[in-house]
Amino acid sequence: MVDRLLHRGREAAAPGDPRDEVWRRVKLARHLGRPRTLELLGEMADEVVELHGDRGFGDDPAIVAGLARIDGRRIAFVGQQKGADTEENVRRNFGMPHPEGYRKAMRVMELAERFGLPVVTFVDVPGAHPGPESEERGIAEAIARSIGLMIRLRTPVVAVITGEGGSGGALAIAVGDVVLALENAVYSVISPEGCASILWRTADEAPAAALAMRMSASDQLALGVIDGVVAEPGEGAHADVRETARRLKSAIVTRLDQLAAVPLDELLEARYRRYRAIGPYTEVAAPAVAQPPSRGLTDRLRDLLDPGRWAAGVPLPGSSRRDEPPAHEDV
Amino acid sequence: MVDRLLHRGREAAAPGDPRDEVWRRVKLARHLGRPRTLELLGEMADEVVELHGDRGFGDDPAIVAGLARIDGRRIAFVGQQKGADTEENVRRNFGMPHPEGYRKAMRVMELAERFGLPVVTFVDVPGAHPGPESEERGIAEAIARSIGLMIRLRTPVVAVITGEGGSGGALAIAVGDVVLALENAVYSVISPEGCASILWRTADEAPAAALAMRMSASDQLALGVIDGVVAEPGEGAHADVRETARRLKSAIVTRLDQLAAVPLDELLEARYRRYRAIGPYTEVAAPAVAQPPSRGLTDRLRDLLDPGRWAAGVPLPGSSRRDEPPAHEDV
Amino acid sequence: MPIKLPSFRPRRDDYPPDLWTKCPSCGEMLFNKQLDKSDRVCPTCDHHFRLSAAARLELLLDPGTFEERDAGLQSVDPLGFVDQKPYPDRVAAAQVATGLRDAAVRGIGAIEGRPVSICVMDFGFMGGSMGAVVGEKVARAAEDAIAARIPLIVVSASGGARMQEGTMALMQLAKTIAVLERRRAARVPYLSLMTDPTTGGVFASYAVLGDVNLAEPRALIGFAGARVSAGTIAQELPPGFQRSEFLFDHGFIDRVVHRRDLRTELVQLLRYLRPADGSSGDGVEGDTRWGFRPMGFLSQLADRVVPEIGPPPGSSGSERSSEERASGEAKRG
Amino acid sequence: MPIKLPSFRPRRDDYPPDLWTKCPSCGEMLFNKQLDKSDRVCPTCDHHFRLSAAARLELLLDPGTFEERDAGLQSVDPLGFVDQKPYPDRVAAAQVATGLRDAAVRGIGAIEGRPVSICVMDFGFMGGSMGAVVGEKVARAAEDAIAARIPLIVVSASGGARMQEGTMALMQLAKTIAVLERRRAARVPYLSLMTDPTTGGVFASYAVLGDVNLAEPRALIGFAGARVSAGTIAQELPPGFQRSEFLFDHGFIDRVVHRRDLRTELVQLLRYLRPADGSSGDGVEGDTRWGFRPMGFLSQLADRVVPEIGPPPGSSGSERSSEERASGEAKRG
């Protein structure tokens, strides 16, 4: 796990393979030298004032938040912050936030709303911290509430996926009026390794999963999840942090100026509609199920039809808990 | 401490002494058999549905909260809950809430506001839990936020001091449009023991401190902190829980009906004015200090004038911390 | 957040499963008829077996009152996702196995004669995974609740987001939460019931955001999978980790409710949590706000339900229609 | 929550204290002149000595801009409180010792030419304990901030509520929080600075509720006294318990700021946290909202301050007056 977090040891798919291109980007998105929130702000901003603490439990170093001035514009910022080396990564928990990190983010976003500052977020997270303390203190609740706050926040919000956009832990600070991504950023519902180990039964198929999930910035742009891609210089953001920041700053400032021209009520309504409408489905004429037959009958019918289900009296593969395990593997 | 919390071992002041009467009430307020929130509701309400959890850390058994129906009226309730015996007292932490208890209370009060339910609170607490975990998770923040919520809560609030009204831990759920008290309830800014050990240098003077602080319900009525006193039957609430509950119910229902007739905006404005105005002071003509002289001079002058201050180079009595101790003793 | 799908790895059963089921908790052999009578709760150890959406609806609603909405919503394949098997084939197989179009069923029903907007998940359909169809159904259920000013109930049973829909599935967190935020601003009550399992993105969106959160006993509820947690962190998991009771202890669930008491508790809670108009806080029973008269799309249902509700005498003229009220609230929200 | 008052137990000093002070942290002997030059921070170990209200105001505000308000507020004796000594005698003694009427000084001043409403506590006056006068001054400071739409700054230094005023002191928590809630609804910024010590009811009311909470290094900050905590609970206290850095680690303080940087940080923060009118969120510098023109009771101050602020050209006609805006907000709050 630490290996993966430090991005050691994984090789790309065979050259010429379409998986190659996306996997190259995954590796760039995870590159140890990739600029993080504070590095980018350090280049972009004239001034950065970090604020700390969630006012209830702690100050999570995996999320930084505060106030900054970019090109004369005062903003509030929130961003995940991985470490630049092993020591900092340990201190910042490899950029995986605990609930208090998201609660700090919410506090600063509410402050921004109160004082009319636009919010800019920087998303770069393998996923929210998956350990017991995180569950105990309500990582799911913190993510859900942060998403809810960002949807109703009465100030412009620009979100930038700068590196890894890892699942709910990313979306928690990635709801915005405009969502941008750096060219080699990736965004997915589950890590490619996690996806591969479930669907391909081996994490080695991660490049195939990355391709199948279309997690590159350009694919996400095509899907409408993000609104713009900012080109990275040369071999990637790590190769020229200053130039990366310059381009990003220009994109952010342009968007902030566009958003500032929109009345807040319209902005909020458009933001709502954006998320209300997302995700394609179709509608067919005939309902699939009629009024339900008597309780129990359906279940028994399905037990017969679906031999993999638990009711068959056969323990499921991967059972490790005392009672009936749901055999899920989510990240 | 456990002795005090279990109310063992303390004797009343000499008979005939004016301290006697107030101390008798302090003992009744702390009586182990005194009915608590759930016992009172059990008698008063047709239905009680307890809700649990602060949605962030835990479920504090020292505060109970939920929904209840009293005489056909649906309400939300919040109350401190001491134990009826040692075992329950340990489980309920002697009725001393942690921050998550107040955060649960806030959650349920917000629910009440959202769905137009009046709030009734039952106050009976030696004080908020004073231990390290309580400080770590922000007991002060939780108390302050709960007070703030109750002041702006857009639904009628009736608070009842049923036993010990112990300082900030009590006030956190005792802000209301109407504040009632049971006859033998007490309300104070610090426990009489705490007050006595600071001002009299011995906790044995607690009855004197209780008298000086005018902590009885009738004194608090005279001071305008509470609005009504509900007489207890016979020797006190513990002697006849049912009759106590009957009287309390009648008082609560009367007040709820009165409050329901007041438009919410007026109610909120009156509640605000009540707390904005509380606490007498006077105003004299001449300012006490002129424009400050140069920095440092004032301090040095005061060091000379006030030999007990730290700057004198003499360690303060009671110093137990490495650097300059503020020698305070708050509860 | 997505899930591993055991459904698609057919295995041979040693015994015909139509007559009996082995309780995975106490090991007792239970006759299915007996199990059905006890709402699929083990009479020996109170183990709560999973319920299909149909069985759940029958358990919770007044008989014959459920009117399904959006039954025709069906997944598309936004990514052209192929692993060992194309995503559309997986959906088709699940549809055959379950008789459902996707992992949630939603509609309007009545509980003790009072209308509710309800959405129920079915773990049998691809592990109850949430794609665009599930998200859309939850969102529409909330919108119906807002429009009609009736309570919203969502019963979750899901391993999380459906990874075959990629970030389209992830965005369903934002979609459902967006509507739930409007619902809250509109002061329409929402009860969330978590059943085994409620994990990943479903837990981290609509399941955790109830005005009141209920859970069935010993349901697995959590964000990250237990093996992920343990594997990633190399740390021992606390006892009862991610079970209902653990979540209760940590403050995220109001009440852990035995299945036999579920309906009673819902009825009880819904008597307190009524769509509010914000004009008063008297809490007095029989206030006219509850004298709800279904409108518009609810007219069909109303024919069945209204006689049981009984409009308060003389209230119809003095109230704004539910639609007027809802639109007024929505602008504020 | 109230405090033990060492001020009233006179002791003999072994050496004349007018020339030097011993640093309680590193033990260094410091000449007072040297200490004054360094804003009463030990040059050896950075120990922050306490400041009087006057010294604090001089440290934070532009020279000569402080205009005191409500200097004549004085405590009464609501309970007729007598312990070893009547309460009025204690107040009188503290007044003589400090030259203050009570434990807080409040007024209007300017920081880098911009007006602020400020209230500063003085630990030297009965341990900075909060009675009705302190509560009233904090409340009025917040009201002035709302009325003039200027930032509020409160510098706390207090052992807690003043027990000689009993529940009248306790109620100051509610009084101050009530006004601070209106302040928040009015979108007027509030910076809370906690200095050594900030404990009890002061911490549990206005001190903890800043939009941004700042603290001086190693200040004692907590609700219950450390000895109470340890004594009551018979539990070992964590290292650094109730010091600024501990509170920072636990999420209650945004920034621990060395005294030499305080003014700079306040200026910096106030450039972001400006009284907002809620109509836009562009964050662009030089917007007319900040083109505040002091009105009414601020006119005196305005004479001194306005040339430094400089009203934006042409803005005076297009803006509502600050009073109009404040009253509009207050009705909403």
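Just a few scattered comments:
First chain written, first letter: the chains are A, B, C and D, and each begins at residue 1.
By our rule, a contact is a pair of C-beta atoms (placed from the backbone, for glycine too) under 8 Å apart; a residue touches a chain by one contact, two chains touch by 3 or more.
A quick note: this is a predicted structure, and the numbers were derived from the prediction, not measured.
Looking at B-D alongside B-C, one finds more C-beta pairs in contact between the chains of B-D. Chain centres here are Cα means. That of chain C falls 50 Å from that of chain D. Chain B and chain D have CA centres that are 25 Å apart. One inter-chain figure worth recording: chain B and chain C are separated by 41 Å, centre to centre, where each centre is the mean of the chain's CA atoms. Centroid to centroid, with C-alpha atoms defining each point, chain A and chain B lie 44 Å apart.
Residue positions of chain D touching 2 or more other chains, listed in rising order: 250-252. In chain A, the residues that reach two or more other chains under the touch definition are 55-57, 137-138, 141. Contact topology of the protein chains: irregular, matching none of line, ring, star or complete. Contacts from chain A toward chain D in the complex involve residues 47, 49-59, 67, 69, 72-76, 100, 104, 111-118, 154-156, 256-257, 259-260, 264.
Note for the complex: chain D touches chain A at residues 184, 187, 189, 211-213, 248-255, 265, 268-269, 271-285, 289. Of all residues in chain B, those touching chain A in their complex are 55-57, 99, 103, 137-138, 141. Of all the residues in chain C, the ones that touch chain A in their complex are 1-15, 17-18, 20-22, 24-25, 32-33, 35-36, 39-40, 47, 49-52, 54-55, 57-59, 64, 66, 68, 70-76, 78-79, 81-84, 95-101, 105, 123-124, 127, 131-133, 135-136, 139, 159-161, 163, 165-175, 177-182, 185, 196-197, 199-201, 203-209, 218, 220, 222-229, 231-235, 237-238, 241-242, 250-252, 333. Of all residues in chain A, only 1, 127-128, 130-132, 134-141, 143-145, 147-148, 151-152, 167-168, 171, 175, 187-190, 194-195, 198-200, 208-209, 212-215, 220, 223, 225, 272, 275-289, 291-318, 320-331 touch chain C in the complex they form.
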